[in-house]
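The structure's right below; bear with me while I get my questions together.
The letters A, B, C and D name the chains in turn, as written, and every chain counts its residues from 1.
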């Protein structure tokens, strides 16, 4: 199909996928389902963010939970010390996390291949342990408590126009909409990114960094941008998570979470934005679906990851790049072996 | 976009639908929600709690229906001692209309995260074991606690070390968890207030094995006693490694280390002389509890350190439901609040206005030839 | 000897003992990575399984044979645990990694994470999750000079690690299989053309790596006297740090990396603060990776243009 | 004034000196052939010229303002106007041909990350320009019908042409071709030689490494002969053909 027409349809694609999801909170008031819906939404945000770095540019970030934590703690501290409203805290959390994304990205992107994975893993652990030890600011293992929930100014018309504040409560429905909006917005922006010259540049870096550099792509700068965008999204997700939980402790942001998000991106389909969202949905709900066999949950979870990689390596939706790469490899091995 | 094989997607949606619609069959039984770590490295504590709770429910059903024809059932969920999972489990429990009350969570961080949800849902939440004092300071009228708080257990231990053992110089270690650090901080605060000196306060990571470097440093500071805030697996290693390094000062810990497995792991000889505070009284040494322990161990084997607590907590909730005569949450909540002198296997229980247990006694124990021996009961001074 | 020096030497011994255990696990990482460039996250779990196999062997020995001289039972432990872990390593390779031979490296990495989750929970379900205590097979004999103490088990750990490292270096250099492994590490296609059966060599690499990890598991269980199904996670992470620090792919590198990391952590915990101990280890790792990505002894393979 | 001036460039790896005091220049719109036996340092020279290898001594100057290129990063060198192809074909295998060529425009477009997110008019205009010109370049290289094909699925000859199209995308002032016709049959070689002449008419200078004398002799205005890292001869093809040192270098000591 013609290249140009595809671009116009980004908004259309995002709308068709996410609008029907907006109906769920209307019909299903069960708080457990809505809470799960919101948690999966937060995972989707993280998976899309990580997909920018892992899927597009092929940079294996194993410390992604750290940026999620930075976003959460930034908003928590803002809200506890300066009573900063959620809507102001959201962008700030994103920006602070992006700043650390650049800080941690700067040295990491100079490192090659698997070593980048280890460098980011190292940073992830350092950030988690730091949050656990810096009791003065982060409350150490007790974490931070009483984080303000988002408030909305709802226009009310009795006795002249004035705005009352209506605060989110424990009921997960409003969070569901908040997260859905953020996920839809991020999806739209990332689709535009992947269609832009930066999206192509990231993919070129993943294909052959040296050739990309000779073709005029400032590879370090572009990789740094990818890190920045990816950690900004994690910061936003962290801020929403903190506002929903109202209490955050360091042990929610450990290495297992980073691996879980990575598995979502790969399971959904590397480099495929929709794959990341679907991966989040599958791996987000799976532990809940398997709740019946409580003890065996993580066992089955591990087994599914193994089987998935053997029978469906390109992921459920098949990331374009991985799909092409696999076809090419099968073709070559077919030529070679024959 | 390449066409993808629909097979894998169809399976996923069928599973999702199954969860979405596992409708709640309308039946008479009243459910009690229980949340604890049932998988992961603290599963042994969670399962101990679960088994205690199951026995309470079975005993109650034998005694007769709670009200009308309805029996009692347990809905147990796993929170993997992770706050995010705790919130998910809490939401699941309150979403089931048949659940009248909640027994849970075990870890202080999980109990804290879930307490806001139970408060919003106006459902009674009683924790058998979360000792972090901050939880009851949130002003939630739906939160109750059967066990003493760290700000009781810590100072009581400090008094014992300072007044009874006449020890002035100690070292403190904690495992950097909400429980471990909370308890160690309270202990240190009181001990310093009494005039004692704390030569060092270090943190270790849960799950770590090698403490030789830390213990060698502490040995050079020559403390007369070592206080540890945390659970028994790490303490058993600390005891063994400290004796090997020639550090012979006695160890002391809180309810987290009060478990016979500590002695098995650290070997009776090395753990000789270790002190421990325990919430309330040791089930074995209390007449009413002795028959419960016997029945428990006949059925499940070695009793967990919190099984008796779970048994008492569930019984208290069941009695409240019997008094309320309905599974309506607000009524049950009211009955739990005006519990008077509940006679549990671990002693009488009353709640103060914040939901904490009133004058919870703290027992002091010492390991003597392979067993925890009850030394004395320390009445916490009224704070 | 004044107290400060005694303290330092004792800390050094503590660090070295820990470092030797890390090194043994790191050897497995380095071999597997060297041959098929895979970060095998499940390797930490194989180490943990080795520890549990040792515990099982002790139970079996106690049941069947009466009291045996310590070195006999120690040898029996080693053999039993190495055989079990080698079998496990081969099975993991055959079931999980062989089908992914020519798929992108990231999918193999995800599989290794899946295997690690699977093993961790499988052991928890079989052995129940309570911390299991390991009876002391190697008698607790201690040599002490002033305040410095050095126990027999530490000696055994030193000897076993150094011995295995020498054996491995010899094996890789002079045996047919060893050369095939190095050839595969250099250039898989060429090695294949030279008649090396890639699958067999990879399987042997896994078997050898797993056996080494199980030795570390046995020594770990005997030294600390208790095992938990969660041990593999942290130890695996540290051992991988050591392997990369020493120069992934190089056998002496793994040894050096493990020992240095152990000493660095020991001194860090002893002199600075034990709660920041892991942070020192990871900061060290990141610093080395950025300044000298190939690690201390690894060779830097420039990209061919 | 020369478009490109290379003054006394040396490069040694440990003891081995790949290039020693190489000097040459390329004029505007000129095709210069760089020939020499295997291992003479031709590709190393290309790598120094395009920033992949750091130059140990000497300077590389470009254009009238004599901008110093040695020491610049390869993407800045491309921006300055020197594009290249590779001896062993480094195209983006899993991207379509259009996407491959579009990468060449990266340095030539000004829209930033923000433009991409906001999809500013500037970004939309540039995207359209990129893809129109990419199609144009593919037609120029005779690949117009494979626009949306995955690069890896193309036969070797087409992939070589794609790499040239990608280099042309950045509208360079100097195009460096590293054995463009290697592995091609005679008719393909002839066709590509024709294309290279057409490139010169788009006033792009060409620096060409090639072993096939039947191709490089008729094509080059001037030849530079490298042997063991040194320039041993320079001049018009017919003078070089019977220059004794060149023959000796090729035929070996003899």
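Worth pointing out:
Following the convention adopted for this analysis, contacts are C-beta pairs under 8 Å (C-beta built on N, C-alpha and C of every residue); 3 or more make two chains touch, one makes a residue touch a chain.
All of these numbers come straight from a predicted model, not from anything done at the bench.
The chains that touch both subunit B and subunit C are A.
The central chain here, found by comparing per-chain C-alpha centres with the mean of all protein C-alpha atoms, is A. Of all chains, the one whose CA centroid is most distant from that of subunit D is B.
Subunit B and subunit D have Cα centroids separated by 72 Å.
Computed centre separation for the pair subunit A/subunit B is 34 angstrom, with centres defined by C-alpha atoms. Inter-chain spacing, taken between the CA centroids of subunit C and subunit D, is 49 Å. Distance between subunit A and subunit C, defined via averaged C-alpha coordinates, is recorded as 33 Å. Shared interface positions of subunit B, defined as residues touching 2 or more other chains, are 39-40, 43, 176, 203. Among all residues of subunit A, those that touch two or more other chains are 132-133, 210, 295, 298, 325.
Subunit D has residues 52, 86 in contact with two or more other chains. Of all the residues in subunit D, the ones that touch subunit A in their complex are 50-52, 73-76, 78-79, 83-84, 86, 90-95, 98-99, 102-109, 111, 113, 115-117, 119, 123, 126-128, 130-131, 148, 150, 152-153, 166-167, 169-170. Every residue of subunit A that touches subunit B in the complex is listed here, in rising order: 28, 30-36, 39, 132-133, 135, 140-143, 145-146, 169-172, 245-249, 251-252, 274, 282, 285, 288-289, 291, 294-295, 297-298, 312, 316-318, 320, 323.
By the touch criterion stated above, subunit A contacts subunit C in their complex at residues 54, 60, 107, 110-112, 114-115, 117-119, 121-123, 125-126, 129-130, 132-133, 210, 255, 259, 262-263, 266-267, 270, 295-296, 298-299, 301-306, 308-310, 313, 322, 325-326, 329, 333. Residue ranges on subunit B touching subunit A, taken from their complex, read 1-2, 4, 8-9, 12, 15-16, 18-20, 38-40, 43, 76-78, 81-84, 87-88, 91-92, 94-95, 108-109, 112-113, 116-117, 119-121, 132, 134, 138, 176-178, 180-182, 203.
Across the complex, subunit C is touched by residues 39-44, 176, 202-205, 207-214, 216-217, 219-220, 232-233, 236-237, 240, 244-246, 261, 264-265, 267 of subunit B.
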